[in-house]
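Here it is, the structure, as structure tokens.
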Amino acid sequence: MLDSYGVVKNHKGLIEGVQKTIEWIKAEGKTFRLLTNDASRSQGQQKESLAALGLPNIELHEIITSGMMAKHFLEQKITDGKIAYLGTENSAEYILQSGLQHIPVREIDLEDLDEISAFVFLDDEGFDWNTDINKTVNILRKKTMPVILANSDKFYPVSRHDVAVATGGIAKLVETMLNRKFIHFGKPDSQMFMYAYEQLTDELGEINKNDILMVGDTLDTDILGGNKFGVKTMLVLSGNTREERAQLLIQSKGIIPDFICKSVID
Amino acid sequence: MLDSYGVVKNHKGLIEGVQKTIEWIKAEGKTFRLLTNDASRSQGQQKESLAALGLPNIELHEIITSGMMAKHFLEQKITDGKIAYLGTENSAEYILQSGLQHIPVREIDLEDLDEISAFVFLDDEGFDWNTDINKTVNILRKKTMPVILANSDKFYPVSRHDVAVATGGIAKLVETMLNRKFIHFGKPDSQMFMYAYEQLTDELGEINKNDILMVGDTLDTDILGGNKFGVKTMLVLSGNTREERAQLLIQSKGIIPDFICKSVID
Amino acid sequence: MLDSYGVVKNHKGLIEGVQKTIEWIKAEGKTFRLLTNDASRSQGQQKESLAALGLPNIELHEIITSGMMAKHFLEQKITDGKIAYLGTENSAEYILQSGLQHIPVREIDLEDLDEISAFVFLDDEGFDWNTDINKTVNILRKKTMPVILANSDKFYPVSRHDVAVATGGIAKLVETMLNRKFIHFGKPDSQMFMYAYEQLTDELGEINKNDILMVGDTLDTDILGGNKFGVKTMLVLSGNTREERAQLLIQSKGIIPDFICKSVID
Amino acid sequence: MLDSYGVVKNHKGLIEGVQKTIEWIKAEGKTFRLLTNDASRSQGQQKESLAALGLPNIELHEIITSGMMAKHFLEQKITDGKIAYLGTENSAEYILQSGLQHIPVREIDLEDLDEISAFVFLDDEGFDWNTDINKTVNILRKKTMPVILANSDKFYPVSRHDVAVATGGIAKLVETMLNRKFIHFGKPDSQMFMYAYEQLTDELGEINKNDILMVGDTLDTDILGGNKFGVKTMLVLSGNTREERAQLLIQSKGIIPDFICKSVID
């Protein structure tokens, strides 16, 4: 199992050498899954994006996103009404492609919330923050409903030095305004690990969890999640966790990977 | 001492009867001060705004804003460089009219922060949230400096049912992103009470704090601040605290006003 | 799947009629598991305790505790040194019965922490709070190591009206003192659900998650955990969630059970 | 104005040379006040303790404690009933020596709280944590009342390397259990500064705040409080803030002292 961002790619493109690693995995008859907390794009869009970067042979079923977990939850638990969302239309279409209608915050009439049955934070793009964040606060003050957050990350890197506020940051602002906790999906929660594990056992038969390796660049999500799920974990230093701070962070957080490598090609 | 919003005015205009109350105070030879956590407007602008609503005879020195406290702090502690701000140009001009230059976030060059020596959150208006909040996060990640918040209120009412995210909410989002606490001004902190008290003793000679009454609509700011400062406190039910919830809130917070009235005219 | 406390028993003993419900489940050829966040007692001790209350025929493998999850984690990730703990000797023996030695906080020499390789919060009993909480803070300030919390509940009921601070509350105090987050086990995390699900599929073959019902008395743990795992959920009003507040809590939290019943016997 | 702990004394006794500094201040005709967040001892007990350490000539009125502020608040706002407390009998006697009766938590009957009108956290000593913290939680769940915290410090040093949980830590645990915020006294709040300032102007006539220097060892309390009050501030490196980390902390917190010295004798 590989985390995507910081392991396979970063803000500049593919991590050097990752093509060879993927080829080697496949040549050795090993199986892998990409587990990503990116909920703004579907499996298909992730596949296209990786192909455009130079990884053409990742298959759909090898990609597992936190958005898929949120989608599954919504399908099971929300059975009527419309699902309101904050994000791009693209992200809404893939997460919300179940039978239910979805409606962006900007099109919602604050005086008529009867039909709205759930709310999803999908992406930090695709809407005007000045108006739509305020509108979101008022929608959720007026009508209580399940609120889903498909990716808890508070920020993401946009260049070597700069970050941007992610959906998780915006949702946190709304949680603070309302003094409420929303329902969060994505690593370190076990769902994605479990989903991948079930897929793998379906494909390959019984697997010992000790024979699975989770590779990630972030202690709090990839490594903690993998440790709690019970698979082996490897921290790579090609993403969020810089080499010079790795030992300090491991010690201060008490989240201990089984292995540490510079990058996935080592 | 009177809180402004919820006591003197609300989203619809003046609280009914407040003109008569102010006239009566003046006729009786009593003295008052308006203490407001609104940092987006100067004393002069507040005076004009009250005059436009129908209270023409409030004098400049009778208005005390949290912005004045922030301004005073900046004048004393920041002696060179430029002060970056998030807010309207209007709010910047009055708070930052000391010798130092000020610069809105949108004009800052992220690659050249050498001259920036402090940062102030002034208003929730006057900038593009999508770009300038992200830029603020990156400015403060790249250069550590004093960050001032002139009004901690997380939201303010815009109609009978709706609220808007205030400067305090935006600053809280940035605090969360950076895992840092900024320097907050405004009630319940003692500065505004102390400033008013010093003014009053200058004008009237020695005053017993028990002879001062703080009138406010919010337990956490007006009443707690007044209680801690040592003056008598009166909660009015014409603003944030609704009559049906007042006793519950007083009990659950343990913030006990000396008096409770429907409004300042009672 | 049944939560234990508030569903099967409460502070007074068994919930009335639960024996018949269990008998009916068994007579119908249905299968059940008790999922409890109580980490202070082993499966065997839980079984004895239920038998003493009047439920003699619960079998060992039908009981799943958050302590078992913590134990499993420790066995996999901590391979040498001694495990320090706060709790009773009983709780320590069952959680820490792997090859590794365990040592209570009171016996630790603050000047010699070399051998201590992990720390576990097990119970709110079995130690002197005045001395051992302070000692815990100093141990964890001096040496960083994985810190495990086998039950995040902050309090538990001791009578109809009174509660006691649980291990989760004490751990939260230490987290605050150290400005650190420990590794939490127990519902709403998926591990216990997953463990139960794997057991059930081993025993019964392929099971559709929709054919599993999680019964619990707490929205934040039982129902949220069940909803996220993907099974059906039923809230019972015989424990933490009182009938008169149930709808309000469901709405305000947005955690929606599939069914609501007065108790497990209905 | 001098902070006491870390400036005048530390866990080993007086800071070397502080006697000479105090003598020099007095010889120069300058005035000083000790401002301490220690609420467990009265002015008289503080004076005795300093005399025992080798500072015999500190006068009562030169000592200002956060406990005095809490006492003043209670006298003004609590006019009947009994005041419950957690702490030593000593601390209770001095803080609660007003007309009202006080009662330690261990003597309170949980079934008869009618007479209890306020609660004060005074000290981390003088009670059994196992029983009395639980009892405190239940008292405050059963009856809502003002809860006062005379010292927010979460821990205090007991040796060069070790700390102990302070009243503020215990109060924080209870705040977490109850999901409530208590009323906090002590620096960085302005009351003690204001109290000292009023005393000084009474004694010496009009004083410019710029002619007052606050000396402290902690950025978050002494320096932030002094900066917000408007006096000059000096950080000494003889206490909580170690020399090697001072610049980093100043930058990361944005709390900037006007001066920095190794200790008060420089």
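Order as written gives the chain letters A, B, C and D; numbering starts at 1 within each chain.
What we mean here is this: a residue touches a chain if its C-beta (ideal position, glycine included) is under 8 Å from a C-beta of that chain, and two chains touch if they have at least 3 such contacts.
Model, not experiment: these values are computed from the prediction.
Enquirer: Any chains in contact with both chain A and chain D?
Expert: Chains that touch both chain A and chain D, as defined above, are B, C.
Enquirer: What's the chain with its C-alpha centre farthest out from chain C?
Expert: Between chain C and the rest, the longest centre separation is with B.
Enquirer: How many angstrom lie between the CA centroids of chain B and chain C, rounded to a whole number?
Expert: Using C-alpha averages as centres, the distance is 46 Å.
Enquirer: Whole-Å distance, chain B centre to chain D centre, using C-alpha means?
Expert: 28
Enquirer: Centroid of chain A to centroid of chain B, CA atoms only: how many Å?
Expert: 40
Enquirer: Would you please write down the residue numbers of chain B that are in contact with two or more other chains?
Expert: none
Enquirer: Testing understanding: with touching defined as stated, what is the shape of the graph linking the protein chains, line, ring, star, complete or other?
Expert: Graph shape, chains as nodes and touching pairs as edges: a ring.
Enquirer: Tell me, which pairs of chains are in touch?
Expert: Here the touching pairs of chains are A-B, A-C, B-D, C-D.
Enquirer: Which of the residues in chain D end up touching chain C in this complex?
Expert: Going through chain D, the ones touching chain C are 110, 128-130, 133-134, 137-138, 141-142, 154-155, 161-165, 169-170, 172-173, 176-177.
Enquirer: Could you pull out which chain B residues touch chain D in their complex?
Expert: 72-73, 76-77, 144-147, 180-183, 185, 189-191, 194, 210, 224, 227-230, 251-256
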